[in-house]
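Here the structure is laid out as structure tokens; the discussion comes afterwards.
Letters A, B, C, D, E and F mark the chains as written, and numbering starts fresh at 1 in each.
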Amino acid sequence: MRGLLVGRMQPVHRGHIQVIERILDEVEEVIIGIGSAQVSHSIKDPFTAGERVMMITKALAENNVDASRYYVIPVQDIECNSIWVAHMEMLTPPFEHVYSGNPLVQRLFTEKGYQVTEPPLFNRKSYSGTEVRRRMLSGDKWEELVPQSVIKAINEIDGISRIKQLARREVSEV
Amino acid sequence: MRGLLVGRMQPVHRGHIQVIERILDEVEEVIIGIGSAQVSHSIKDPFTAGERVMMITKALAENNVDASRYYVIPVQDIECNSIWVAHMEMLTPPFEHVYSGNPLVQRLFTEKGYQVTEPPLFNRKSYSGTEVRRRMLSGDKWEELVPQSVIKAINEIDGISRIKQLARREVSEV
Amino acid sequence: MRGLLVGRMQPVHRGHIQVIERILDEVEEVIIGIGSAQVSHSIKDPFTAGERVMMITKALAENNVDASRYYVIPVQDIECNSIWVAHMEMLTPPFEHVYSGNPLVQRLFTEKGYQVTEPPLFNRKSYSGTEVRRRMLSGDKWEELVPQSVIKAINEIDGISRIKQLARREVSEV
Amino acid sequence: MRGLLVGRMQPVHRGHIQVIERILDEVEEVIIGIGSAQVSHSIKDPFTAGERVMMITKALAENNVDASRYYVIPVQDIECNSIWVAHMEMLTPPFEHVYSGNPLVQRLFTEKGYQVTEPPLFNRKSYSGTEVRRRMLSGDKWEELVPQSVIKAINEIDGISRIKQLARREVSEV
Amino acid sequence: MRGLLVGRMQPVHRGHIQVIERILDEVEEVIIGIGSAQVSHSIKDPFTAGERVMMITKALAENNVDASRYYVIPVQDIECNSIWVAHMEMLTPPFEHVYSGNPLVQRLFTEKGYQVTEPPLFNRKSYSGTEVRRRMLSGDKWEELVPQSVIKAINEIDGISRIKQLARREVSEV
Amino acid sequence: MRGLLVGRMQPVHRGHIQVIERILDEVEEVIIGIGSAQVSHSIKDPFTAGERVMMITKALAENNVDASRYYVIPVQDIECNSIWVAHMEMLTPPFEHVYSGNPLVQRLFTEKGYQVTEPPLFNRKSYSGTEVRRRMLSGDKWEELVPQSVIKAINEIDGISRIKQLARREVSEV
């Protein structure tokens, strides 16, 4: 059986790795959809799809997750909720089981006949993209929330400087 | 003469039927544009275009409105206000008179030379999509605000369960 | 049971009416999808979606088809074949049976579990959009191939002049 | 050397002219990108791209800026920040220097290797689109903030009536 | 009065300049729409919109055409013919007269009530984009067909090498 | 160093595996872009992006290629050639070297400063998607041209029946 997990992963953190490991206890292969693939360079979505693909791939390797058991696929948002499942099916190998904590995603897949489960989350308060980005902006220790390879990736693309610059206010509208 | 009425109809309610009946006192045929056709599965826009097409068609039949006197046409939003009128003209039979209470719609059609009238609204406080959706979510009596055939349609697609699930909060961002 | 018939209907001709009448012998309601709704003003696709909506509606009324038994819905093409069925489902009331002679449409609906039937066609050689447009261009008698109301509609929008102008060759590229 | 300045210019005001004149002290030619070209007819973005192209062209002529030293190019927004620079490069002559006070624009061009400078702003509090639009809505004197030719252009398109109508509240959702 | 001329201008040649000069004998200002702005890097459309904006601007300056009398605006194609006129109106200052030799463009503007004239063409056989591109590919003398400033622009962007590389056949599909 | 290889892979064949193995002799990691990701269900492009992602992943595993050394990323076509490189950069980890035999792809990456190499092709006449699809349609032996796991994948999705049905001619236009 193949499972699907979708997340924006802005950025990848330790919680993602734990969830994926747990899902791999239940299914043979997991498709990891990198959601909102088209957005980047905003405070809520600082990293490009490609940067996030690299983060998750490196982080799973760092944690010795068998690379033949997962697919990493960037998925752009589409405006039409009612065709989003078909859009996902177009981009991924066939799957039977969906892991999502998002009520909209749950509803859309349920209406199309998929089996949907709340993914097991770990240390939800800290292991969340919102918290990681908050720490990046405020100068708090974000590094402990993400795998080593993600720290390395973010440093290489000068990610902290990027998110801090994006948070500045514009002096005046032109 | 042919008139145009555009509404999101999320969902169709008794007010819509009354407005359409009144418009048909003034014009020979009315084009009913189902606005924001591309969106669905959100609290503000729970139903698909097709579901809304069915609701209005069935509700007009229930009220014995002559089916040869109206057209029901789903119309997707476009981002460019200044070409929206042309977009509407592409999808509909020719019309001369526009009924709309929305200032933007009024302005756009007026600038293109159309005759625009505020549609007669009935019992505005209750006969509004906002109020129907509020009642659906809170468990209040929404059924009295919509035609029988709309109740039936919403039940068939499990609509109350859909809107309630969409209102849940996500436990944690993935 | 509800059936779906999709056609470009460039323009509506007598064959369309006969097919729809025959389908209504088999199903309670038929959804008539006006395909390639976004294109117009070309030799292959001279008429807008709205013009075609009007043609089919008037022609069915002329033939006394019960207006409460069909839906007419313009459907724009999308580039992704694999999500086209979901796109159709978004815009229409639910249906179970698909009538199509197009191998791609047949395949797409079959893969999603729909029942698909070749529509009964009548006088295929003459009752075809290609033949009607050929006659329009060459000055042959196209009127006998379409219902009276379609002749009237095409005359009102100056349709023959349109298709003839579109067939002219450009003198030189600018 | 060629410079790039991007602004929504809703509407063009005296500050724009001053900035452009100052930029032309530094570079040989300036490309003036009219941002958010696809939006119009809203309180924040009342004017079409074409109306803004006319305003800036006329206002620069009024101020005797040499017409052979600037390009005016409407640029539509795209959702993907990470390809926005390439989108801009597609629509404009080559440039080396970017003038922008917007942190996102600064970041995007910096990451692609461009030289980016904060544009010199003049009388920031009054010479801002936000202030001009506020005055237009409230009936205050907006005319003193914009060049004569912009007053004339806005009057010709009945612009004040447009922005005031767009500010009305809808009576009831249809 | 303001006129509109639309052309792909792949590339700008002497015929364009002559047509524009002649149009400026008839109207006060001319809007020069650079058509198919989104395409480039193909044999039929080798140059980007920005490259073409630069070519026409420089070529008009070279021919001493008064820069305050024309607007150069890139216009992307849209799939819907029936809203193309509105799309053009969005991007340009208001105009009354359209110059086009293309039957589709003529028809679309005529249906919206515009006055349309065949533009005066000069030396049609040689002064055509098709002929210029043919010579570029075959190594024939293309330079005599275009203004000096266009030769310079094409050399700067290494345009001949680009069109020749694009004409190569792929060895094998990957 | 990281390399990029883009191909439609309709379907994956033995040539792809050999090319990728050879590229991995030169670079540490290879990004495999599945081109034209949005199209499927046509004779030229029968398989969905997701089906192709699965084929290449399984085929590389079958050939014992180290899964930590490659990324498989579906990439949709965009109409604008001049922003295609930026689109690719958005979706992928950073790369320095491009392998492509397509003149357009070569040109686009070269203009952006990338190092571009013709990929080593093997048995070009047989190991080509065109040849595999030709054999599938004609009933010839296509299986020997693709890895075992691709045969299995195509059988599971009933791929031969799909391509054969798509090749049928429509009886008559509706």
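What we mean here is this: contacts are C-beta pairs under 8 Å (C-beta built on N, C-alpha and C of every residue); 3 or more make two chains touch, one makes a residue touch a chain.
Predicted model only: the values in this text are computed from it and were never measured.
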Among the remaining chains, which ones contact both chain D and chain F? A, E
Comparing the two chain pairs, does C-F have more C-beta contacts than A-C, or is it the other way round? C-F
Can you check how far apart chain B and chain E are, centre to centre, with Cα atoms defining each centre and the answer in Å? 44
Centroid from C-alpha atoms only, then distance chain A to chain D, rounded to Å. What do you get? 36
So, what's the distance in Å between the C-alpha centres of chain E and chain D? 26
Would you please write down the residue numbers of chain A that are in contact with two or more other chains? 38, 40, 48, 80, 82, 89-90
Which two-chain combinations touch? A-B, A-C, A-D, A-F, B-C, B-D, B-E, C-E, C-F, D-E, D-F, E-F
Residues of chain C touching chain E in their complex? 38-42, 48, 162, 165-174
Chain E partner contacts - residues on chain D that touch it in the complex: 37-38, 40, 48-51, 53-54, 57, 61, 66-68, 71-74, 89-94, 157
Chain D partner contacts - residues on chain F that touch it in the complex: 80, 82-83, 85-87, 89-90
With touch defined as at the start, can you tell me which chain B residues reach chain D in the complex? 5-9, 15-16, 19, 79-82, 100-104, 106-108, 111, 118-119, 121, 124, 128-130
